[in-house]
Amino acid sequence: MSVPLVPKLLRAHLRELANDNKRLDDRGQWDSRNLEIEHSVLPRAEGSAKVRIGDTIVYAGVKFQIMTPYEDRPNQGGLMCSAEVRPLAGRKYEPGPPSAESIELGRVVDRGIRESGCIDVDSLCIIPGEKAWQVILDLFAVSDDGNLFDAFAIAGIVALKQAIIPGERFGVGEDSKLEVNGTPLMCSYHKVGGRFVYDATFREELGGDERIHITLGDNGNVHSLQKGLKGIFTTSEFEEIMGHALDRTKEIREIINTL
Amino acid sequence: MSVPLVPKLLRAHLRELANDNKRLDDRGQWDSRNLEIEHSVLPRAEGSAKVRIGDTIVYAGVKFQIMTPYEDRPNQGGLMCSAEVRPLAGRKYEPGPPSAESIELGRVVDRGIRESGCIDVDSLCIIPGEKAWQVILDLFAVSDDGNLFDAFAIAGIVALKQAIIPGERFGVGEDSKLEVNGTPLMCSYHKVGGRFVYDATFREELGGDERIHITLGDNGNVHSLQKGLKGIFTTSEFEEIMGHALDRTKEIREIINTL
Amino acid sequence: MSVPLVPKLLRAHLRELANDNKRLDDRGQWDSRNLEIEHSVLPRAEGSAKVRIGDTIVYAGVKFQIMTPYEDRPNQGGLMCSAEVRPLAGRKYEPGPPSAESIELGRVVDRGIRESGCIDVDSLCIIPGEKAWQVILDLFAVSDDGNLFDAFAIAGIVALKQAIIPGERFGVGEDSKLEVNGTPLMCSYHKVGGRFVYDATFREELGGDERIHITLGDNGNVHSLQKGLKGIFTTSEFEEIMGHALDRTKEIREIINTL
Amino acid sequence: MGGYGDVRMIDDNGMRMDGRGPGDLREIFIETGVVPVADGSCRMIWGTNEAIVSIYGPMEAHPRKIQRQDSAVLAVEYNMAPFSTTDRMRPGFNRRSKEISKVTKDALESVVLLELYPRSKIQVNIEIISAEAGTRCVGLTAASVALADAGIPMTDLVVSVASGKINDIVVCDLNKEEDNYGEADLPMGILPNTGELVFLQMDGDLSQEEFKQAWDYNMNAASKVHEIMKKALTGGDGE
Amino acid sequence: MGGYGDVRMIDDNGMRMDGRGPGDLREIFIETGVVPVADGSCRMIWGTNEAIVSIYGPMEAHPRKIQRQDSAVLAVEYNMAPFSTTDRMRPGFNRRSKEISKVTKDALESVVLLELYPRSKIQVNIEIISAEAGTRCVGLTAASVALADAGIPMTDLVVSVASGKINDIVVCDLNKEEDNYGEADLPMGILPNTGELVFLQMDGDLSQEEFKQAWDYNMNAASKVHEIMKKALTGGDGE
Amino acid sequence: MGGYGDVRMIDDNGMRMDGRGPGDLREIFIETGVVPVADGSCRMIWGTNEAIVSIYGPMEAHPRKIQRQDSAVLAVEYNMAPFSTTDRMRPGFNRRSKEISKVTKDALESVVLLELYPRSKIQVNIEIISAEAGTRCVGLTAASVALADAGIPMTDLVVSVASGKINDIVVCDLNKEEDNYGEADLPMGILPNTGELVFLQMDGDLSQEEFKQAWDYNMNAASKVHEIMKKALTGGDGE
């Protein structure tokens, strides 16, 4: 199938497809591409995962550092989440300081994990007021064919769930598993050809409008939302998306829990 | 009145006006625009002021931090003065690192206040060698229609004179008034159409040459001078300016002292 | 002699000269330009040197700071080497963050000195785990007519050999000479017109291909190598260069040792 | 989201510490034309929040490479002044401000008729002079008023309000103390004439039922704020 | 170069702690096509090193001022991922990475037929996912495979290997523990068909004899690596 | 300005610690042509200050957007070398250097006949190699000599000198120790042929009378420095 490269023509083409309820790759509106999850793939990370969704490939790696707790929270460690999309992952990415897009990407994934409360920062305290663990989750894109958000979110939580706190290496006790309470997961939707679709490809993103990211916890609670890009949507459109996200996060959670 | 927008024509126009001893807004050579001063306008600042000179509007806010005194001055706190002219204040300002112009602006206002000695840095010491107050004066432009220098200098000293040291919030004693000894004030002059004028508007700045900034203390002592931009001036031109500054700073000081 | 300014013509011209075994300034393939070395030229530096090779002029200055030793090396001080090529030294240099070229320049000179082991970092310890000297060698270009690498390397080691540790000024004992064990020296070769030459001028660099930098110690041991720029060379070309470098570093070392 | 459930922020009658009911807004004041040198401007006080917004443009977009052939570009700068917070905010690059600038731009681009001004640029500058909770809502709402003040054609104004949760109770428009103990925050950007959305963020923990309640509070509050905005734009100051 | 001579890394029979002889390489695995959206790509595992390289181009070089009228420009980004090292590597500017990017570019420009693509750009992205000793060699070698995978014409592949010295003995291809106690490191970039060089660095302390031994080890090792590269490019995965 | 009035820097006969009278200058030495690759250059030693200045241009101004259609642009870089001060000066961005670069540029633009070279650029690089008090004066004075050495037409040279106050006494050309205890500093940039000014700064505390005295000292000193500048430009080295 030949797909127009000029954004304007691509937009028109996507709208025609949408009118016939079709997508570029023959998926249905709410279908995902093939999803593959591997863990323990990075020898130098204390926890790691590789996620592939179609031709989108990402890694997540967990590292630990010792930090001094903040004065007003002497019994808490910290969680830091950083997303880098370097030129490796696509011809549109350039080296240099992070763009507004990649700052948004990192912060949205970070909030989904952080706000779910799955990392109990109190459990990271070593000596109150003096020493605590800082968990650093680094998200790294290898190939961007669309929907980096969901790929990062899945890789991130899987890497955290595998992570071993390197107590011995830092001389503060034995190695131990990082406690992770719950599996927050993100589902992302792009408006393409006038209607929302799940798990958009890079070309659908290119010829589409706004996107909505929903992070849900084990019990279906909402932990994070984000609308990005130019576009207008209605309450009923949102309710339809939310309905799909409730189902789909359950499916992915089951896959992860049987890894 | 129609004012040319092209700098070259504007310059010619300003020279013609100067030949008739006129200005764009019908003021005399040494006249100020309308000056309004308000204080205690910023709820989160420990001292604040808003100054309006014609259509030029600025804020000043004072904040405090605890610092460790420098090794060679264990009994002294510090004063820091920072001027930001962000895109809010005019179409010519761009976000990003500070331009040479705004660095000059901040440093000239800073020197006028600092060199007058009105802030006794010894009085800011809390525990010698360990803790001292750092006074931070932030100058912020809302609307630049010329002569930001004087507006900043007035707002800055008024904000300092209102400032309360937040001892309680920082757990180092009670709240107390910041001691300010004196009211240093700046007068700025631009060469427009071949002669210096006081309190130039943005358009006069645009079509003018060099500017001279004079900061004088309560007793008429000189605390800071700065010549900016391309231009040549004579000793007698300077003496005329200095004479006006001696009078005008007295007038403004009286307004401030009766606020 | 008229030298073409267009790089393409310059390259052709240099190749013709090379075919006749000539150079732009009538030197032989392995000849150096006139070399002048002065020391103790910078009043504020604790050790300094000025080196002139033809119209290339550089300074080196040594300063000292007190540092906290790294946790895994409590008995060691540090050596830092920094090369700045500012707009002063040539019309091609621009202000701003260091270019890849000047980063390479600094790191190659640094490695030659560091890897020779001539600075015994253990001798820089003042109080184990608490205080140690950090030696900072600043290399500064005044005029770049080619071969900044060798000029920096010579100026650097001469400045270090003159340096006095300012114990008194820092309140940690008496002033004392910095121990420097050995005189590592660099020789640089550029491929010009198809064959390598020693001590290339700026124009030879401009119309040439790759360069090779060799740093040798007192006993002829190799401490640092670097190939820079686009170009291919053979093992036998390298052996010829190495042979010359062994002789030439001995000559320069003798000059330095009799300063 | 702090989530310290042991501090009581709402009494048994559902009244909040500042006397508001669960769905009530803080006091709001809007004034236009406050930046004389700008093409449009707005000052908005919302509780102890205060934002000033200036608009420059439509003007020539330069450098050329940022120009779009078939529409204007919209540039948005959201920034917190150093004296806007209890602890001084250091000037300079800040990831939070960068993200808020971006989502505010995304929201405004959804209503401004950019295609009317090809090759030009509209600059929107949002400065938070005083910050309580909810500065991004104040900034976005004030920006849409300032755009209207500048005479820039839009399909609708944007009203931005947030609801959240404290002590397991959903309430509208959290103030600073509530926010410190808050368990969730749902800011939305609503087109008052259609009820459609152009801006949406959320973080914290809300069950699906709590989420629907917060959504409804925002929809109701939007109409009230809209009235104040219209008043400010068509006559006396809004309040 | 650490140079702690008191730790024994080589036994009396000249065998190294991981069982290798002095001139032996670590295990190597090469795979192409690992970045589906790129024009060419390569994943190379070498001991515990792992590099991923993607190639984009030849494509239009922009902004225009970087274009060359008579050839393509080659841009090389070498970077270590934050999780590639024992202590996390902070993202951002890094002088070491900048230098390695530059010398890698210098090496690749020596073999790529840039003059075939005037005014265009070829982007080479080298990411170290897992680092042992010798990442610059892995990166350069993998980059030349990725360029071949992208169909970019070259005069030859580049094989990069390093030899060094531990316990005063010259050995090939130091692993991480050997490198920690190593006294010298000599990485080279070799054209396997001619034995010519396009890349050379060295630091540490080598006598002229030791230096020649290290040089020869590298030349021998290059042929072995070259076989694996060819296999990866012409059929099954290299190993 | 330190202002520690209890250290005596001037004796009862009005003599200063280095033997100078109140209006006397430190020793000055000027040399041109010290940067062989530049179009003009100057080295100036003034007390323990040492500045080197190079001039490049007039040359094509690029990128194009910095060009002016009716005149040259003048770019000035003032910088202190890391080894120029007692405590090492860290390289990189520095607000003080940025301001001095700007006011130096403002001063030089007042005398250079920029309109003779439309669309071109003149680059002035001022490097302080050794710093005592008064580096901005040394830099500006040396820059005007270097511009003359480069053959750039000017209406006049610029002589920059400073006077100040120690122990409540006004003196000319403070040295470092005097500056440490100094109570004011008045640097001026004077056109020696007309007595006009192109540069003026001041900080500290001066009564109107003290101010006039400092002004006059500077005017007198300027003539003396001017003689040395002329000598350096017309024959043997100035001293």
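We just call them A, B, C, D, E and F in the order they show up, numbering each chain from 1.
Basically, a contact is a pair of C-beta atoms (placed from the backbone, for glycine too) under 8 Å apart; a residue touches a chain by one contact, two chains touch by 3 or more.
Treat the numbers as computed from the prediction; the structure is a model and nothing was measured.
> Note the shortest touch-path length, in steps, from subunit C to subunit E.
Step count on the best path from subunit C to subunit E: 1.
> Computing the C-alpha centre of each chain, which chain sits at the greatest distance from subunit A?
Centre of mass proxy via C-alpha means gives F as farthest from subunit A.
> If you average the CA coordinates per chain, which chain's centre is most distant from that of subunit C?
D
> Averaged over CA atoms, how far is the centre of subunit A from the centre of subunit D? Could you give it in whole Å?
26
> Indicate the whole-number Å distance between the mean C-alpha point of subunit A and the mean C-alpha point of subunit F.
The computed centroid separation for subunit A versus subunit F comes out at 58 Å.
> For subunit A versus subunit E, what separation do you get between their C-alpha means, in angstrom?
32
> Give me the residue numbers in subunit B that touch at least two other chains, ranges are fine.
If we look for residues of subunit B contacting two or more partner chains, we find none.
> Where in subunit E do residues touch two or more of the other chains?
none
> Quick one: do these chains touch in a line, a ring, a star, all-to-all (complete), or other?
Ring.
> Take subunit A as the starting point, go toward subunit E, and spell out the full loop of chains.
Listed around the ring from subunit A, going to subunit E first: A, E, C, F, B, D.
> So in the complex, the part of subunit E that touches subunit C is made up of which residues?
Answer in residue numbers: 1, 95-96, 98-99, 101-103, 106, 109-111, 186, 191, 195-208, 211, 215, 219.
> State the interface residues of subunit B toward subunit F in the complex, per the touch definition above.
It comes out as residues 100-101, 103-104, 106-107, 111, 114-117, 210, 212, 217, 219-235, 238, 242, 246.
> Which of the residues in subunit C end up touching subunit F in this complex?
Residues of subunit C touching subunit F: 42-45, 48, 55, 57, 59, 61-63, 65, 82, 84, 86-91, 95, 136, 138, 140, 142-145, 169, 202.
> Note which residues of subunit D are touching subunit B in the complex, please.
Touch list, subunit D to subunit B: 34-38, 48, 50, 52-54, 56-57, 59, 77, 79, 81-88, 91, 123, 125, 127, 129-131.
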